[in-house]
Amino acid sequence: MKITVINTGGTFNKRYNPIKGQLEVPSDSIALDKIVASCHNIEFEIKNIVSKDSLDMTDSDREEICEAIKSSKNDKVIIIHGTDTVHLTSKLIKEKQIEKQIVFTGAMVPMSIDTVEATMNFSQALGFLSAKVENGTYIAMHGVVVDCLKLVKNRELGQFLIQK
Amino acid sequence: MKITVINTGGTFNKRYNPIKGQLEVPSDSIALDKIVASCHNIEFEIKNIVSKDSLDMTDSDREEICEAIKSSKNDKVIIIHGTDTVHLTSKLIKEKQIEKQIVFTGAMVPMSIDTVEATMNFSQALGFLSAKVENGTYIAMHGVVVDCLKLVKNRELGQFLIQK
Amino acid sequence: MKITVINTGGTFNKRYNPIKGQLEVPSDSIALDKIVASCHNIEFEIKNIVSKDSLDMTDSDREEICEAIKSSKNDKVIIIHGTDTVHLTSKLIKEKQIEKQIVFTGAMVPMSIDTVEATMNFSQALGFLSAKVENGTYIAMHGVVVDCLKLVKNRELGQFLIQK
Amino acid sequence: MKITVINTGGTFNKRYNPIKGQLEVPSDSIALDKIVASCHNIEFEIKNIVSKDSLDMTDSDREEICEAIKSSKNDKVIIIHGTDTVHLTSKLIKEKQIEKQIVFTGAMVPMSIDTVEATMNFSQALGFLSAKVENGTYIAMHGVVVDCLKLVKNRELGQFLIQK
């Protein structure tokens, strides 16, 4: 299977900088590397772009993400994105009606702090793309992969929950 | 989404017993609990049965697994199984042609030692079952979820690889 | 052996709050609990006070720490403290010439992110107090335990280094 | 500070071999490396010898350990050793009355499974050697560093406890 991963930053990637004493969004894919290392049956194309906390994303950043999806080598695309504005970016991408299977994912806790939640969200996207799925824009978080409009962050609970 | 998990033991579950100085297959679901804790959109039925290294599984154990699948509350079933004989058990289950979506998974390294590989394999099964998939018997390991006959353990590499 | 631990906060204790999306200094001793759980030969008195990033510590906070040392049940005292102003607090305590063996420690990376550095620094203090040491004010960081004036944080490297 | 570490194997070093499906005692110092990486004030000499589960140690292995202590560059020596026969080896070394400060340590759970207990035991030895201690043969486990004859493994509890 061939998958393009567009890694845009967000909590998923955050790492602690002991000199500055704070968490930073790096522009590398170290948070992703350990998962990728166990994916012996996938040929990945990985693009690290934007590299921001999603609260800081601009229209221009979202345009860059859109172009990266369009120009990706593969029809199966996973986008790692901050959780605060993933609803905005995914809605924008959905409206573009790109003929690919696009899955947004991310994490509430950095991979560097809790490997389980981040690995789970990303790997759900892998499993979903292993099935024959229609072109569309999906989100993979907290147990399920569904249309990107149907799973919404509950900011009090810190959980993505299916809208009823 | 509703999913039944039949946890039969294997490397996935192994934990170190400091008194005995060795890894043991427990009969609980502690290895699974941390993943389940982040699955806010899934209602799980979890059955801990057999609880063996899969090299020690008998025909009777496999019959018990088969019955557990048939009697499970849900049509979506994940079976955590040792990697050494998962090909035997999954082939047997496939031949029974049960009208459910059955996904075998497991790990090469215990969840208690490496959370990433075990979480990845299990979560791929979750993602796969989020898609509309046909009834069948599948295996989720090392990046992909495919028909259980197509992914085979390479014992020299310690990797499950798609048969060409 | 009996030891009083005065846990004042700092990086050692920081935990990620997924709702707020940031690291916080909690007022509990969860970061310490896993170390304490393996100390089968020590009777601890643990006091959680101040609970601040050490950059935010006031003169009043330092007075509170001083009182906690004086009123501690034991003559062996470990103080967990933020690394940014540990030199100020430890110098102040040293000047008080309290008749106890007082060891400051802390971490450059939170225990919740890197268990090794935090555990190492704290456990050096334990080992030092196992020896017959004179009353005084010491600091345990990055491999050694010495008089608190001799080990200084190098802010470019993020390391506590012995002054030559 | 200069310290020689003689790493003889034991549970401290055990790592899981996914191909063989079991824990092995490696002949490298990977388990030690992460601790050493934070010891910015120590110059280490590290010797990996014997590399065995201590139940398998022979008289010849113990002789080799003795020679390694005698020929070590430094007067401060830490010996990482399996917990099952550390009482035999340390008693033997104590009887040799070598004019150095020798501290045995180890772990009940491999560093690769639980970083905290292993890091704690080793780092107590570091802290103890930071104090001015008399030549002798000591053991650093579970909170304290004492004469090697005084701390004994309780095999039912899996804990090293001071003999009363």
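Residue numbering begins at 1 within each chain, and the chains themselves are lettered A, B, C and D in the order written.
Basically, a contact is a pair of C-beta atoms (placed from the backbone, for glycine too) under 8 Å apart; a residue touches a chain by one contact, two chains touch by 3 or more.
Keep in mind the model is a prediction, meaning the values are calculated, not measured.
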Chains touching both chain B and chain D, listed by label: none
Partner chains shared by chain B and chain C (touch criterion as defined above): A, D
Where chain A and chain B are represented by their mean Cα positions, the distance between them in whole Å: 26
Separation of mean Cα positions, chain D and chain A [Å, integer]: 44
Interchain centroid distance [CA atoms averaged], chain A/chain C, Å: 38
Shared-contact residues (touching 2 or more other chains) in chain C: 157
Arrangement of touching chains [line / ring / star / complete / other]: ring
Touching chain combinations (by label order): A-B, A-C, B-D, C-D
Of all residues in chain D, those that touch chain B in their complex: 11, 16, 18-19, 21-23, 84, 108-110, 112-114, 155-158
Residues of chain D touching chain C in the complex: 1, 34-35, 38-42, 115-117, 119-133, 140, 142-146, 151, 157, 159-162
